[in-house]
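In what comes next, chain A is part of two complexes: it sits with chain B in the first one and with chain C in the second one.
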Partner chain A sequence: MVNSGGQLFTIEGIAAALIMLATVFIIVNTTSVYTPGDTHINDMQLEVIGTDALKALNYPDNGTFGKSPLVILVENQDGSGFYTAFNNSLNNRTGENRDNIQFMANITYMNRTGMINSTPLNASRALYGGEHAVRVSQWIIVDSYNGAALPPYNIFPECLSAPSCAGKHAALVEVLLWRD
Partner chain B sequence: MARLSDETAQWIVLMGFIVSFSLFFLAIMLNQSTVVGQTTAEAVSEFPKEDIRGVRNVVIQSMFIDQEGNFNNRSHVQSEIKNISLARQNAVVYFSDPVYDANGTFAYYFIHYNNGVSAYNETWTFP
Partner chain C sequence: MTDDDGNLSIDFLVAFTIFMIAFIWVATLVPNLFIGVSSHQIDFDSVAYRTSVILAEDPGAFSTASSTHTRWEFEPNSGKDNIQRFGLAISKETPNVLSEVKVKRFFDNTVFLEEDYRTKAIFGDYPYRFNISLKEEGKDPLFVGDWKIPENYGYIRKQVRIKHFSNATIDKTDVQKFRLNNHDTSSLIQDGNVTEHDFVIQINRSKLLYDNLTTPVINPNFDVAYRIDPRTEEINITIQDFHESPPVGAWVAPRWAKIELGCVTLSQTISDEGEAPTQLPSELYKDYVYHNMVQENPPFELGLDDTLSVIFKPGFFPPSYDRGSIYVKFRFNATTNYDGNPIYGLQYLNTSQSHPWELTYNTTEVTQPVLSNAVMEVKIW
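This part shows the complex of A and B:
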């Protein structure tokens, strides 16, 4: 037991240490890189569902020529109507159970001084900041002055006196979507 | 382990090295594959497919608005499209007035979209 036994044990020990290091390396790598590579699948699914729901709202009924339901809802500032229409197409599923996608919708527009402003349309739940939300958007062209309403009013808050921003405006309906 | 000859010890050491090196290379390959997967996923989610479609759609709509009203509706809506795209979608959007061909039959519209990562250019013909 004097000559080669010690060397053998030493070299075996080094080999074992290498194997253990390699194992730890593999384990640490697999667990940490797994998440960012895969979250995009959920995000993209939410994005597609939301975009489809908004796009479906932005077609005039039955191929008629005129304003789409989304434009009419925005022009009338009909937050609850938007909630019903959007929530149904977002969360209805085949069968009894509903999906649980939450949303918060804003309208972004340019005011008279050229600043970009947002005004809330409706939300199914308040956004607290911990949610992992995706953003979808839909362009609309609206008449900012709603003469049909009683009393007539401007749909954008900055245009205080009724006819002052009267005319057509481009606006962006932006919706944040998340699951809880 | 008490009575090992020198030759057996050499074999054990050699095998130990081979196994540990092969594990190491496997780990490197695994590492590379996840990086590749991540960059692909990022490229897919960063491409602004719906933004481009939306801008293209609203730009074409805006071409048919009459130039009337307090604000000159068409040019006003078009400047709003450019400004809102810049502010909310980080995209420079530019489009031209119609260019007509020699007979005046066709109108060409040039639509450009660029958000710094992806660029989209289109010549849209009407009718």
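This part shows the complex of A and C:
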């Protein structure tokens, strides 16, 4: 005679199977799988926007003026001017709403002793360390001694006297971008 | 008694059926699971990126096999199939600097259909839906594509600059500075006694396209973003101040005079070797004279407070020539005055004794091309 040892009772089996499948279905549908492949898209978008904003700032407004707005802002050490121009360009959209990308900008250059120095330009808010930021940069050529300013001064603080650091210097404008 | 070896039990059949149903269900579920990961985000975003780069950094491509034009933006609506690829940049050397002409043409969705944008800007086998918009500072946004955008789409935004046309005004200061009137009334030439006054404007292609923009030279890599290019851009020159009378040598008609613009002719040289200019056929090159900013063909009477303009639309001049000069010659007739007497000794716009007025990179005479800020967004789904 057939006994019932080791048998799955049919009704319970079906019920258990349905419960398991339903559970799996619900779980899979309610969570989105965030793969490393996805993060690079957000990074790429930030990078494109940041690079373009710097590039657009680095075209002179017209042919005779010669210097781009970015170069002028750096030469004049105009941090608030940079904030306005860059923020305007960075968060500009075709629709009504503006974007909300945060940034922190530095200028990196070689000083008189051959050391690499970095000075802050401006930031929309401080970087605390938890943010996932991307970095964009743009090389510029600046007149390192601003004789037109009153009083004349050196753009790079490490240059001690005017003649020693007069002339054209290359500098790198680096910007960290992140979203809150 | 029958033997039950090799029989299938009901339990097994039930279990197998349930397993198969579950298996089929899961198998159909799996591809949908990954749609969120692969298709929407990765593919749409990369297509949006590609499209934005094509538009902002590429000048476009064009099949010259069956067309007389050299640039896609000048191709008439009927020949739009010759356009291979849209691209709004003015050149490959200046990414993100867009041409005003191309922008205007690209966003003209009365001419281009969605299919045109798909095959010439977006590409790909899949029939992507799209929304491409551009907003220039201080202007209304432009867009093509669907305005109803779903929740999930590929997106990219690009900061761009748009190059605007130059324009020039010839007024009292130019006339005094360059002596653009018939000032020699005392010598044997006696050009003060003429009744016909020829005034010439020179558009020197060689100088505009190949000379330095500035002295000293500033970054020549970007020159194309600031060039005045008579082949691809609108040239707009206005003459005004006909009522002004400078202290030294009156160059304008006195109040009692009657001046008529008799005719305007175009001629050109195609090299710098000093050949005589050949006249451009007036039946092909026409409708560029504007009287008080309204297009009007001469002859017409010119009032003292009027403005006289020549506006050459982009692509007006033969595009294949990049050397030599274009000359615009105005002939003003001072036939009779209101007393009915002929006018002799009248000083007027006249370049027979001076160099033609020239379109240059001198900012005091010519408003140079400027770059304005704009933002472009591409959405693909």
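In this section, the second predicted complex is superposed on the first by the 141 of 180 C-alpha atoms of A that agree within 3 Å, B and C clash if a C-alpha of one lies under 4 Å from a C-alpha of the other, contacts with A are read in each partner's own complex, and residues count from 1 in each chain.
Here is the rule we use: a contact is a pair of C-beta atoms (placed from the backbone, for glycine too) under 8 Å apart; a residue touches a chain by one contact, two chains touch by 3 or more.
Nothing here was measured: the structure is a model prediction, and the numbers come from that model.
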> chain A residues in contact: does chain B have more, or chain C?
Replying inline: B
>> Under the stated touch criterion, which partner chain does A:44 make contact with: chain B (first), chain C (second), both, or neither?
In response: both
>> So in the superposed three-chain picture, is A:16 touching just chain B, just chain C, both, or none of them (first/second/both/neither)?
In response: first
> Is A:146 contacted by the first partner chain B, the second partner chain C, both or neither?
Replying inline: neither
>> Once chain A of both complexes is superposed, is A:172 in touch with chain B (first), chain C (second), both, or neither?
In response: first
> Counting only touches as set out at the top, which of chain B and chain C does A:25 meet: first, second, both, neither?
Replying inline: both
> chain A residues touched by both chain B and chain C?
Replying inline: 7-8, 14, 25, 33, 37-38, 44
> Residues of chain A touching chain B in their complex?
Replying inline: 1, 4-5, 7-9, 11-12, 14-16, 18-19, 22-23, 25-26, 29-30, 33-34, 36-38, 40, 43-44, 47, 51, 108-110, 114, 116, 136-141, 163, 165-172, 174
> Can you list the chain B residues touching chain A in their complex?
Replying inline: 1-2, 4, 6, 9, 12-13, 16-17, 19-20, 23-24, 26-27, 30-31, 34-35, 37-38, 41-42, 44-45, 50-51, 54-55, 57-58, 61-62, 65, 69-71, 73, 76-81, 83-84, 87-89
> Inside the complex, what are the residues of chain A that reach chain C?
Replying inline: 7-8, 10, 13-14, 17, 21, 25, 28, 32-33, 35, 37-38, 41, 44-45, 48-49, 52-53, 55-56, 59-64, 66-67, 88-90, 92-95, 99
> Mind pulling up the chain C residues that touch chain A in the complex?
Replying inline: 11, 14-15, 18, 22, 25-26, 29, 33-34, 36-37, 41-42, 45, 49, 52, 56, 94-97, 133-135, 141, 143, 155-161, 213-214, 218-219, 222-223, 225-227, 361, 363, 368-371, 373, 375-377
